[in-house]
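This is the structure I have questions about; it appears just below.
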Amino acid sequence: MSPDLIDLSYLLAASLFIIGLKGLTKPRTAVRGNLLGALAMLIAVVATMLDQNIVSVTGLLIAIGIGSIAGTILALKIEMTAMPQLVALFNGLGGGASVLVAGAFLAGREFSERVTSGAGFADVLTATAASGLIGAVTLSGSLVAFAKLQELKFVKDVSFPGQKLVNLLLTVGAIGLGWMLVTQPEHAQLWYWVMAGVALGLGVLLVISIGGADMPVVIALLNSYSGLAASATGFVLNNNLLIIAGALVGASGLVLTRIMCNAMNRSLGAVLFGTMKSGGSSLSDDEVYTSVKSTSADEVAMMLEVSQTVLIVPGYGMAVAQAQHAVRDLTNLLLNRDVDVQFGIHPVAGRMPGHMNVLLAEADIDYDRLKEMDEVNSMMDQVDVAIVLGANDVVNPLARTDPDSPIAGMPIIDVDKARTVIVVKRSLSPGFAGIANPLFAADNALMLFGDGKQAISEITKAFDDA
Amino acid sequence: MSPDLIDLSYLLAASLFIIGLKGLTKPRTAVRGNLLGALAMLIAVVATMLDQNIVSVTGLLIAIGIGSIAGTILALKIEMTAMPQLVALFNGLGGGASVLVAGAFLAGREFSERVTSGAGFADVLTATAASGLIGAVTLSGSLVAFAKLQELKFVKDVSFPGQKLVNLLLTVGAIGLGWMLVTQPEHAQLWYWVMAGVALGLGVLLVISIGGADMPVVIALLNSYSGLAASATGFVLNNNLLIIAGALVGASGLVLTRIMCNAMNRSLGAVLFGTMKSGGSSLSDDEVYTSVKSTSADEVAMMLEVSQTVLIVPGYGMAVAQAQHAVRDLTNLLLNRDVDVQFGIHPVAGRMPGHMNVLLAEADIDYDRLKEMDEVNSMMDQVDVAIVLGANDVVNPLARTDPDSPIAGMPIIDVDKARTVIVVKRSLSPGFAGIANPLFAADNALMLFGDGKQAISEITKAFDDA
Amino acid sequence: MLFSTLAMQEVDGVVKALAGAVQQSGGAAPLILLLTVFALAVFLGVEIITKIPPTLHTPLMSGSNAISGITLVGAVLATGADNGTWAGILGFSAVVFATMNVVGGFVVTNRMLAMFKTKK
Amino acid sequence: MLFSTLAMQEVDGVVKALAGAVQQSGGAAPLILLLTVFALAVFLGVEIITKIPPTLHTPLMSGSNAISGITLVGAVLATGADNGTWAGILGFSAVVFATMNVVGGFVVTNRMLAMFKTKK
C-alpha cells in the first residue's frame, strides 16, 4: 500500500474513532459507537500491516492471535461484577504496550543510525521519555487497582509517613532520568529502562494508598493516562492516528474523572496528587450498632401491602446475590397490586458506574423506573417503604454527618428520611469503604438478614400468599 | 519573529478561537467568548505582521486602518433592527477577501516560479479554485441577502422558468473553469477570474429567488460558506490557522443552519439547492378580512383587569415601534395587580434569531418570563388574554391550515387558541411573508390599531386609572 | 542464496522507507496533515455548536462570521510580500475587506451581547 | 562554577537539538503540526464527553480504553521492521499486550452494552 493510501486510511480511522466515541455517549447509539471504534481499529491495523515495510508477518500474526484469544476469553468469561477490574487490567496492558513500543524504538536500527549521524531530535526523545514514563505509571497503577478491586489478599491499603515526599522524589527522579535520556541519546536504553522502573514504582505508590471506594475515579484517570501514553508514542513514531486517538481518550478520560469526582464529591486535585483519604472507621461497631431491630419476610410483605410508594435502592449486594430477577418479579407483583415502585440509583452504587443500570436492564426492568439520586431524594418524603438491597456506603448517613469519615461529603440517597427502611443484607459487616453504618440502628430501620436473592424471593412469596 | 514562534502563536490563536466559539454558545460566557475571539485574531495578525517577509508595513497599516474604521462605524451606527443585513454585509466582505487573496496568490511571484519550475501542485491549485468559487458565491449571495433585508427597491424576488437549470449550468460551468485552472496553470489568472465571475452570478441567482422570510437561514448558510472559503485559502497558503478557524465556522454555520431550518420547518436540502418557496399570497385580503372587529385601549384595560394570565407575543412591529420599554411598564403594573404575565418568543420573530430576546432584555424584563414556543403552546388554554404586539407571520394560522402558503408548515404560536386575542398593529397590511392573516378576522380576536409603543402606553394608562 | 539476497534487499528497503516515513512530514504528508487538521476542526465545530439556545443564534452568527474573517491573515501575507502591483492591489483590497469583516463583526457582536447583560 | 558550566553546556545541547529538529523538516514544522493535531483532538475529546449519562460511564470507560489500545499500530510497526532480536521481543510483547487491550476492550464493552438493549 502506498504511503498516501495508508495516511488516508489513518484519517478514515481517526474519523471513525471520533464518531464512535461520540456514539458511546448516548444510550441509543452506544452499541454502534463501540462497533465503529472496533472497525476503525481494524482498518488502522490492516493498513499498517499492508505497509511494505512490515517484514515478519508471521510473528505478527502469532502475536495478534495470542492477544485476541486471551482478550476475548477474558472479556467473555468474566463475571459482570468483575468488569471494573477487567477494565483496569486491559488499561494496564495498554500502558505497558506504550512502554514496550517506545523501548523497541530505542532498540531499533533507525534510532541508532540517527544517534550516530548526530542529528538532533530532542523532540522525539522527549516524546519517548513521556511515553515510557506515563505508560509505566499506567501499567503498575492499573495492576494495583486491579488487585484492590479483585480484593487480592496481598494488597493492603498502604500508607506510611512521608509517603507524599517519597512520591514527589520518585516523580522528580523519573523526570530527571527522562532528561538524561534526552541529553545523552548514546545511553538512551539504559536511562529509559531505569526511568521506566522508577515510574513503575511510582504508579504502585500512587494508587496503593487510595481507598477502594475511590477506585472508579482512579481507573478513569489511569484510562486517561493510557491515552496520553499512546499519544506520546504517536509523537515518537510521527504517527497522526496514535496522536489523535490517544488525545481523544486522554481528554475524555479526564472529563469522565471530573464527572465522577463530582458524583463522589472528591476534588480532582486530590486524585491527581494521590492524596485521597483512605478507608478507616471513625466509629467502632459497638458504638454504632446499639439498637438494631431485625424483621422477617412476612412482616415486610405486610408492610408492602399497605404502602403506596415503594423505593428500592440496590447496591453491590444485589450484584453479588444476582438478585435482579427476583427484584423484577417482586416489582411486577407490586405494580399489579397498584403499589408504585421506583428505583433509586446512586451513581457509584456497585463496583462500577452504571453497574445497577446494567443489572436491572438485564432483568428487563422498565428504564423509566430507574431514577437518579437527586430525583429520588426530592421525593423521599412520599416513600412509604424503602428497601435497601445490598447497598451500604451509598446510603450511609455518616457521609452527611461525620466530616472525618472516608466517605464524608459524598452525596448519598437519603433513605433514612423515608417512612420505613428495610435493609436487606447478610450481616452487619461493612461495605466497600469499611465503615459502620448508623442507618442500620435508626428508629425507622429494620434489618432483613439473608442473601439478597433469597430474601427478596421470600418477600415476593409472602406477599403473593397474603 | 522566527517561523517557530509564529507557528506557536497560530496554535495559541487557534485554541483561543475554539474556546471563544464555545463561549459564544452560552449566555453567561458569550461576551467573554467574543472577546477571546477578537484577542485570537489580534495575536494572529500581529504574529503575521512580525514575519520577516512582510515588506510594506505602511500600506498594510493603511489598509487595516481603513477597514477597522469603516467596520467600527458600521457596527456602532447601525440600528438594532438592521443587524441581520449588517451581518450579511460583513459576511460578503469576508467571502470577497477570500476571492482576492486567492487571486493575489495567483498573481504573486512564488506562484509564477512554481509554474515555471513545472513542479506539480494540483492540490494547491484545487484549493485556489475552491477558495475563489466559494468566496465569490458568498460575496454576491450575501450582497443580495443584504439588499433584500434592507428592502432596497431594485431587488425583487426573481424567479423564472428554467431557473434551476440555469443554476445547475452555472455551477457546472464554474467547476469546469476551476478544473481548467488546475490543468492549465499557465493561464491560471484568466481561468480564475472568469470562474469568479460565473460564481458571482451563481450567488446572485441562488439567493434572489428565496423569499425574505427564509433569509436568516440563508445568512447562516452563507456564513458557513465564508468559513469554508477561508479554510480553502488556508490550503492555498499552507496555513493551519486559516484551515482551523475556517473549518470551525464552516461546521458551526452548517449546524446553525440546520437548527434554524428545524425552527422554520424547512428542509436543509431545499436551502442548499436554492429551491425554497418564495412569498406570494394564496388568499386575497378581501376573502380573509370579512369580519374584523376593532377595539380600544380602555376596553383592553378592562379585559386585563379580569384576567389571571396574560400572554404577550411580540414581533417585528415591537422592534419598529421601540415599544419594549412601554411593554416593561405594562408588565410591572400587571404583576403588581397579581396578573401573571408571560412572553411567547417565536424563534424567528423579528428580523433576526433572538431579536425579541435582545429587545426585552434591553428593557430589563425578567429572563424567566420569556418562554419558548413549545412551552407557550402547551399552556395556551390557560391564557385569558393574548396580546400580539406587532407580530404577524409567527401567529398566522395559515401555516397550519394552508399547505400552499409560503409559510406552510412553519410552527407558529397558537394564540388563536387563547380565550381572547388582542392584535396591536397599525393596519391590516401583511408581515414579512406578504400574506394575509385569518387570525385578524377570528371570532376571539380584536384589533387595536395604532403604533405599538403608543397603544401599549395607552393600555397601561387606562389600566392604571381604573 | 537467492532468497537471502532478496530478503536482504527487502530489509534494506524497509530501513530506508522507515527512515523516510519518520521524517516524512516534510515531504509527502503535508496535504494529509492539513486535511486531518481540517477534519478535526470540522468535528469540533459541529460538537461545539450543537446545543445553542435561540437567543444566541444571532450573536453566534455574527461572532463566528468575524472569526471567518481570519482570511485577514492570508491577506496580510498576500499584500506584505513583494509581489508586484497587481497582487499588491488585490492584497490591499483583501486586507480592507477582511478587516471590516473582522473588526465590524466583533464590535457588532459585542454590542448585541451587551444587551443581554443583567443590569442589577 | 563547574556545575553551572556543565548545566549551561547541557542546556545548550538541548536547545541546539531542538532547533535542529525543527529545521530538519523544512517549511511547515512537523512538530507544530503534530501539536496542533494533538490540541484539536484534546478539545474534541472534551466536547464529546461533557454530557454523558451515568449509565454509560463504564461502557465509555472500557470502550475508550479499547481505543487507547491504538498503540497496537505502533507495536505492529515496531515488531514488523527488522530491528534485531531485542527490539523484536519488545515489539512482540507490545503487540500481544495491545491486542489484548483492544480486542478484550471492545468485546467486553459490547457485552456490557448488550444488556441495555431493549428486548421487546
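Per-chain residue numbering starts at 1, and chain names A, B, C and D are given in the order in which the chains are listed.
The working rule: a residue touches a chain if its C-beta (ideal position, glycine included) is under 8 Å from a C-beta of that chain, and two chains touch if they have at least 3 such contacts.
In this text the structure is predicted, and so the values were computed from the model without any measurement.
Any chain touching subunit A that also touches subunit D appears here: C.
Of all the chains, the one whose CA centre sits at the greatest distance from that of subunit C is A.
By count of C-beta pairs in contact, B-C exceeds the other of the chain pairs A-C and B-C. Rounded to whole angstrom, the centroid-to-centroid distance between subunit A and subunit C, based on C-alpha atoms, equals 38 Å. Computed from the mean C-alpha positions, the centre of subunit C lies at a distance of 24 Å from the centre of subunit D.
Averaged Cα coordinates give subunit B a centre that lies 42 Å from the centre of subunit D.
Counting partner chains per residue, subunit A shows two or more touched chains at residues 18, 22, 53, 55, 109-110, 237-238, 240, 244. Chain contacts: subunit D has residues 22, 24, 27-28, 30, 33-34, 36-37, 40-41, 43-44, 47-48, 81-82 touching two or more partner chains. Across the whole structure, chains are in contact as follows: A-C, A-D, B-C, B-D, C-D.
Residues 10, 13-14, 16-22, 24, 30-31, 34, 37-38, 41-46, 48-84, 86-88, 90-119 of subunit D are the ones that touch subunit A when the two sit in their complex. The touching residues of subunit C, when paired with subunit A in their complex, are 10-11, 13-15, 17-19, 21-25, 28-29, 32-33, 35-36, 39-40, 43, 47.
Within the complex, the subunit D residues that touch subunit C are 24-28, 30, 33-34, 36-37, 40-41, 43-44, 47-48, 81-82.
Contact residues of subunit B toward subunit D in the complex are 3-4, 7-8, 11, 14-15, 18, 22, 238, 240, 244.
Across the complex, subunit A meets subunit D through its residues 17-18, 20-22, 24-27, 30-31, 33-35, 37-38, 40-41, 44-45, 48-49, 51, 53-57, 59-60, 63-64, 66-68, 70-72, 74-76, 78, 83-84, 86-87, 90-91, 93-94, 96-98, 100-101, 103-105, 107-110, 119-124, 182-183, 216, 219-220, 223, 226-227, 229-231, 233-256, 259-260, 263, 345, 347, 352-355, 357-359, 361-362, 364, 367, 372.
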